[in-house]
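Okay, here's the structure, questions in a sec.
Which chain is which? They are A, B, C, D, E, F, G and H, in the order written, and residues in each are numbered from 1.
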Amino acid sequence: MAATNGMLDPDDTVMLLIDHQSGLFNTVRDLPVPDLRNYVIALAKTATLLDIPVITTASVPDGPNGPLIPEVHEHAPHAQYVPRTGQINAWDNPPFVEAIEKTGRKTLVIAGTLTSVCMAFPAVSAVQAGYKAYCVVDASGNWSKMATDTTIARVAQAGAIPTDTFAMVAELMRSWNRPEGSRFAEIIAEHICPEYKCLIESFGKAQAVVKDGPETKMDKFQ
Amino acid sequence: MAATNGMLDPDDTVMLLIDHQSGLFNTVRDLPVPDLRNYVIALAKTATLLDIPVITTASVPDGPNGPLIPEVHEHAPHAQYVPRTGQINAWDNPPFVEAIEKTGRKTLVIAGTLTSVCMAFPAVSAVQAGYKAYCVVDASGNWSKMATDTTIARVAQAGAIPTDTFAMVAELMRSWNRPEGSRFAEIIAEHICPEYKCLIESFGKAQAVVKDGPETKMDKFQ
Amino acid sequence: MAATNGMLDPDDTVMLLIDHQSGLFNTVRDLPVPDLRNYVIALAKTATLLDIPVITTASVPDGPNGPLIPEVHEHAPHAQYVPRTGQINAWDNPPFVEAIEKTGRKTLVIAGTLTSVCMAFPAVSAVQAGYKAYCVVDASGNWSKMATDTTIARVAQAGAIPTDTFAMVAELMRSWNRPEGSRFAEIIAEHICPEYKCLIESFGKAQAVVKDGPETKMDKFQ
Amino acid sequence: MAATNGMLDPDDTVMLLIDHQSGLFNTVRDLPVPDLRNYVIALAKTATLLDIPVITTASVPDGPNGPLIPEVHEHAPHAQYVPRTGQINAWDNPPFVEAIEKTGRKTLVIAGTLTSVCMAFPAVSAVQAGYKAYCVVDASGNWSKMATDTTIARVAQAGAIPTDTFAMVAELMRSWNRPEGSRFAEIIAEHICPEYKCLIESFGKAQAVVKDGPETKMDKFQ
Amino acid sequence: MAATNGMLDPDDTVMLLIDHQSGLFNTVRDLPVPDLRNYVIALAKTATLLDIPVITTASVPDGPNGPLIPEVHEHAPHAQYVPRTGQINAWDNPPFVEAIEKTGRKTLVIAGTLTSVCMAFPAVSAVQAGYKAYCVVDASGNWSKMATDTTIARVAQAGAIPTDTFAMVAELMRSWNRPEGSRFAEIIAEHICPEYKCLIESFGKAQAVVKDGPETKMDKFQ
Amino acid sequence: MAATNGMLDPDDTVMLLIDHQSGLFNTVRDLPVPDLRNYVIALAKTATLLDIPVITTASVPDGPNGPLIPEVHEHAPHAQYVPRTGQINAWDNPPFVEAIEKTGRKTLVIAGTLTSVCMAFPAVSAVQAGYKAYCVVDASGNWSKMATDTTIARVAQAGAIPTDTFAMVAELMRSWNRPEGSRFAEIIAEHICPEYKCLIESFGKAQAVVKDGPETKMDKFQ
Amino acid sequence: MAATNGMLDPDDTVMLLIDHQSGLFNTVRDLPVPDLRNYVIALAKTATLLDIPVITTASVPDGPNGPLIPEVHEHAPHAQYVPRTGQINAWDNPPFVEAIEKTGRKTLVIAGTLTSVCMAFPAVSAVQAGYKAYCVVDASGNWSKMATDTTIARVAQAGAIPTDTFAMVAELMRSWNRPEGSRFAEIIAEHICPEYKCLIESFGKAQAVVKDGPETKMDKFQ
Amino acid sequence: MAATNGMLDPDDTVMLLIDHQSGLFNTVRDLPVPDLRNYVIALAKTATLLDIPVITTASVPDGPNGPLIPEVHEHAPHAQYVPRTGQINAWDNPPFVEAIEKTGRKTLVIAGTLTSVCMAFPAVSAVQAGYKAYCVVDASGNWSKMATDTTIARVAQAGAIPTDTFAMVAELMRSWNRPEGSRFAEIIAEHICPEYKCLIESFGKAQAVVKDGPETKMDKFQ
């Protein structure tokens, strides 16, 4: 699609949120768990905002891996959950691949805990199957930083595109000049870049001071 | 108070939340901003839960320092806001000290952005004035890690007690065996220790599996 | 093999464990030595569980490099040890290559201490010789982190696949739904991801509490 | 006791192992969990070897905090477990203090998860109550590194002695020249300092080479 | 151009400085903000020195993103500012691409805050459109280090060339043996490599001592 | 001085800027050199603004240590330079101590490169001689981070007060409500906390938008 | 050359040691300077041992960049020094390329300070000119770690091989089973891997104890 | 001694170099081993230069701890070696204390591997016995950084003075203005601060250029 300038086409995209489970989260060591949780929420909210199909799955959620974090389906109520029967690579589960195929879309945004397994394996398989695959590394969560380093190299070598949550959301939204603009700003401020939330607060106050006058009484400041 | 075993007495305690302002937050480099914001919320909620007086103040909030983050008064609606007229050390502002004195309490829990200034200066002054002062270092936020290292040494040298948000909340609640027990668990899971939230989720699921049976269909696993 | 979806085929795989020697371990600076030792054990146990041939070798083990760590052959009793006569690149040692060729397999899982030498050189040679080569970076151990960074780039450039121990074990086991499922869980919990061991312990306790009732006596908690 | 030269007297010592629970371990971020587990084992084994009384306790082990890790009582079978009824500071639990008092000993070796709470609070209380208290910081495990930094300053300020597992074991054993000497070496090599295990392996091999001759055949090396 | 030996041709180059805005700077976490500001100045000054066209743009500068830092146009007074109407990828803004096309040049030096969005997206689009694109990673500024790691892999995969400010300036200046030589030294010492400034100061002093004699009076030193 | 609430009295203060030399700067490894240079400038400017006496000295500036960085006297033109004749501890140089004594002031603000030598030694001597001594650790610069850690402990133990540049400037200025208020803001934004400079820029722009209207043309944003 | 198994052929190799100058060394921030100095010595000694031609050059050594460190020519007395007249990329200097061409060899081992300039530029040019180029990243030294990360990606993308000093020496020596074997061990122990020096010392002592008996008198150890 | 201004008196000083053994060095993780080796050499050479008595000892050097590194006695040929019979705290070994007492000196400079044991224990005992004790933390080497942090706090609490190698050498030499001045510079440049070596090289070259003229031929530089 020429108009995308090498960027992803949101209308051709499916989002795969794989194995974001509370137990697995407790094994994540390459980024803070609350950041990871927020990045997953950001992806879910973005997909909802843009009507992008979401497919979720979990790896043995009734064992120590724990349940899917509730926020995934809470913020992507349209998501389709596909149970697995033990397969590690979600792509080895035929109903999972069928769910993707039914959408008729060929671009995949993939995040999965653990990065080097649950994100990387389906990504490699998807590229092999002819899909364009984006790997959202920091919405995945891995058991070691070194494992993340090797995984970035591996998926890039396989032809999948490594990216991060902020870039992914930005690539999907494409422009601030759209009715949902402020909703995207909210997603970024609340879930991706908390420094941005401070900026919004300061921005509002700075403008209020012009309109309402200052609060601090200082008689000697210049 | 002998019964406290060297621990703080919540009934003798006032909480001082100083200069937690959005602009200053954007200068914090010794811990992630969302963590800082959450730790401040945790202190505010804890004070509310225990009816501990809270006094807040801000440093020139109508300039680049920005407004107080709204969560402080949102989660401690009983807090008293004391404006300043430019003093850097809140203790140099007579109404601030008077507000403390009115409570009749002699133990201070102090957090302030920036740590080495807004937390440390009042702590030094308070000790000098005869108070027992706890410095909640990670609910303060500083402009550099080295500044935090020097500040821990400085306030300890001055006789104030350096501590962290989790320890502060725990020292205030003293026991899980109290009616508000689960509210404290919530504060810790939501605002201090996000790994704990995962544990609660996994705990619930593990028990649900016993009651409701497993979800994953595996015929070969042993 | 279409069914593998771009994943490795365990039945076509040979594992090469090269120069995991106690002296060389004392020069490793890119990951903690006990982690490295455990990752090597994990690979050895996995190979044994799946009847994957293992070939080991050592570099001048009667000098300061020290002996092979005993765990390699202890946990992979079927492993074949091929002595060298001083060659640094194990691929330069004809009996080593012959041992691989005898298996008739064309996929190699390679780990070796030091990563940038003992893992990387045979990997480059193997790819050149027509093999598919996986490089298990964190089961190798290197003399500096920067050397590991350059090595990931080098082996990827040469066409070998950089990966980590967890991903390697997962790619070999493919599914939890197999008779050895719990044995794999054990390998992961004991040797790769110790946080997982905690999860298993907590999971068991949470279920025991449902069955046997709580232990803590709290009359005020809600 | 003049003969101790400022060192602790093992015959006057009780070891307190507090709240080393699997759930809490999953919240530890200041040191790797397997290291923490090993350091606790090292303390337990050392106490057993030296007939030092051990008192354990757990904080709501039937909730998300999880059960005591089994290794504590496994390696200190003589340890006395004192249940609590919700108190956060173990010193607030009268049976816990009574158990200590019954030993008639006045030196306490304290480790507890989380460091800034479960180790620090009893340490402060113990010093207040007239005990000499050692805080084994790295056998405790804390929710953040910054919290550990403040805790070291706090317990030192309160008069407790901050130390680490290796130093604690060494201070308790005092000399290699004792019948249990090699058992201590084993504890250190297996549980505290894994680099030491490599040294022992290399040492044995180096001596074997002298006795049995070299293995590598090199005809050109000089 | 054979004479460039694989290096960029300054006469074929346009510099794109994208979204270096004060608000976005407050979200940068992969390098210190003053370094970032200096690197941008270094690029601007270099372009000015070499008469390289500069095109700037900003993303919603009247909102929390904040204004372009004034130094960009201050040090590149010939720069052309192209406003956008909300597009995130500057390449999606036709006047921006037209401005590039008008120069008739086919090599782009791109820096943009945030790296994984404002630098990476136009770089991918530019390569797709047939340009040679250099990505100056450390003159961009990103919201996380992990995001920078994925971005380096992404732009390299897309065929853009990742580089750093020092290398970029050096590749543009090509030789010290030119009339502007000392101006380049100044740019490097003032804005890129402050250690170099010390070297220049020491160099001057060392030579002055030869000419003017020493200052320190020491009668015993040898 | 009761009115100072435990804070320093600027009218009783002398600033000692010791051995900030270009060669020594090239050996600094505990903080970035440009930060160090800026912190020294911040101290110099603050002293000038407040008419605080400044005494400087250099250690063998005609050798590899290099000359004093020119900014010291540039920004504190009233500073008195006291040459030494080789003494490492400036306090061992009688003219240096005499210069201090002549001011009649008893509070010293000390910064010196290297921290563990040129700052720490005079601090220890000053305390011994009855002065109140502040050690500005991050305006000193040390050869290793571990050396800085030991130095903070050492000077605190000796009774000197460890602090940082921001805290030092704030303790000296005491209030924003003074004629020089905006000059202090400038010092902080330009030399200490560059994130603050961004805040000022954003603040101005946010207010300008209210007054002058927005610049970005977006027709769909809400 | 088939026999090399994808490894470099020492007889086809020239070593380029570029701009290892004392001033530039003082700007290196991606690895410790003494390590860098040692790695350069290791390369020089290895080239000498193997009769590999070495070509050196310096960038304006009579200015602040400083002289070549003397160790280069000291340990590679056969090295040919080629002065430049200001060119930054050594490949832009015709006599430099001619010196390479005269050797008739087509494999280049390149190290240069700064990595992203003095190593990377000639590497890119050399690949373009048909050479096989090895980039010894840690024998180069760069002005920032981020610059090194981008450079590894850049040279790999250009077709040069990123590597480290240990791997480079090992790839050149190929086997311990050669007359110079112990000389290589010396190079590694003295200049590359200091942990290895400890191993050699311990190895010797362990063997001496077998031959000469123990030294420590312990009567109770078992 | 008033004249020392709170500094140590070299004529009252004994240096204790404890357990710097090759095996123990391989367990050091808080600083690089070659740095540690150099710092020990620096202390030994300084003691020799100043005729300060040195007492050495080793902990079971005929076991895996390995022999004393040879450099200790090589660079302090006057050092007295006192064997132990298994005691961990050297102070528990009567001949060791007697050797100190024989010197009649009361100030001790102590370094020992491992820091938290071999340096800290004798330091605590020495203070208890009435000595002034300096702990050279970075000439000791510890098994973990956290252990070093706790040890700095512990020895400071006990009244010993934590310091670093550079500060220690500087405190002993006191002035550059002494016949051995250049020998001290050599110790610092060769063994403590390698950046200083570069400065000396650059300094010499800068002066040579004045005397001998420049080398680089540039016709266009200004």
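Methods note: contacts are C-beta pairs under 8 Å (C-beta built on N, C-alpha and C of every residue); 3 or more make two chains touch, one makes a residue touch a chain.
Worth saying up front: this structure is predicted, and the values here are computed from it rather than measured.
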{"item": "Option in C-G, E-H or C-D whose residue-number contact pairs overlap D-G by over half", "value": "E-H"}
{"item": "Of E-H and C-G, whichever chain pair has more C-beta contact pairs", "value": "C-G"}
{"item": "Whole-Å separation of chain centres (CA-atom averages), chain B against chain G", "value": "52"}
{"item": "Separation of chain A from chain D, taking each centre as the mean of its C-alpha atoms, in whole Å", "value": "41"}
{"item": "Centre-to-centre distance between chain E and chain A (centres being mean Cα positions), rounded to whole Å", "value": "30"}
{"item": "Overlap residues in chain G, where contacts from two or more other chains coincide", "value": "23, 26, 60, 63-64, 66, 85-86, 149, 153, 156, 176-178, 181, 195, 198-199, 202-203, 206, 209, 218, 220-221"}
{"item": "List of chain A residues in touch with chain E within their complex", "value": "5-7, 30-31, 137-138, 148-149, 152-153, 156, 161-164, 166-167, 170-171, 173-178, 181, 192-193, 195-196, 198-200, 202-203"}
{"item": "In the complex, chain G residues that touch chain D", "value": "176-182, 199, 202-203, 206-207, 209-211, 218-222"}
{"item": "Interface residues, chain D side, partner chain C - complex", "value": "22-23, 25-26, 32-35, 37-38, 60-64, 66-67, 69-70, 83-86, 194-195, 197-199, 201-202, 204-206, 209, 214-218, 220-221"}
{"item": "Residue ranges of chain G touching chain E (in the complex, touch as defined)", "value": "23, 26-27, 29, 59-60, 63-66, 85-89, 91-92, 114, 116-117, 120-121, 124-125, 127-129, 143-144, 146-147, 149-151, 153-154, 156-158"}
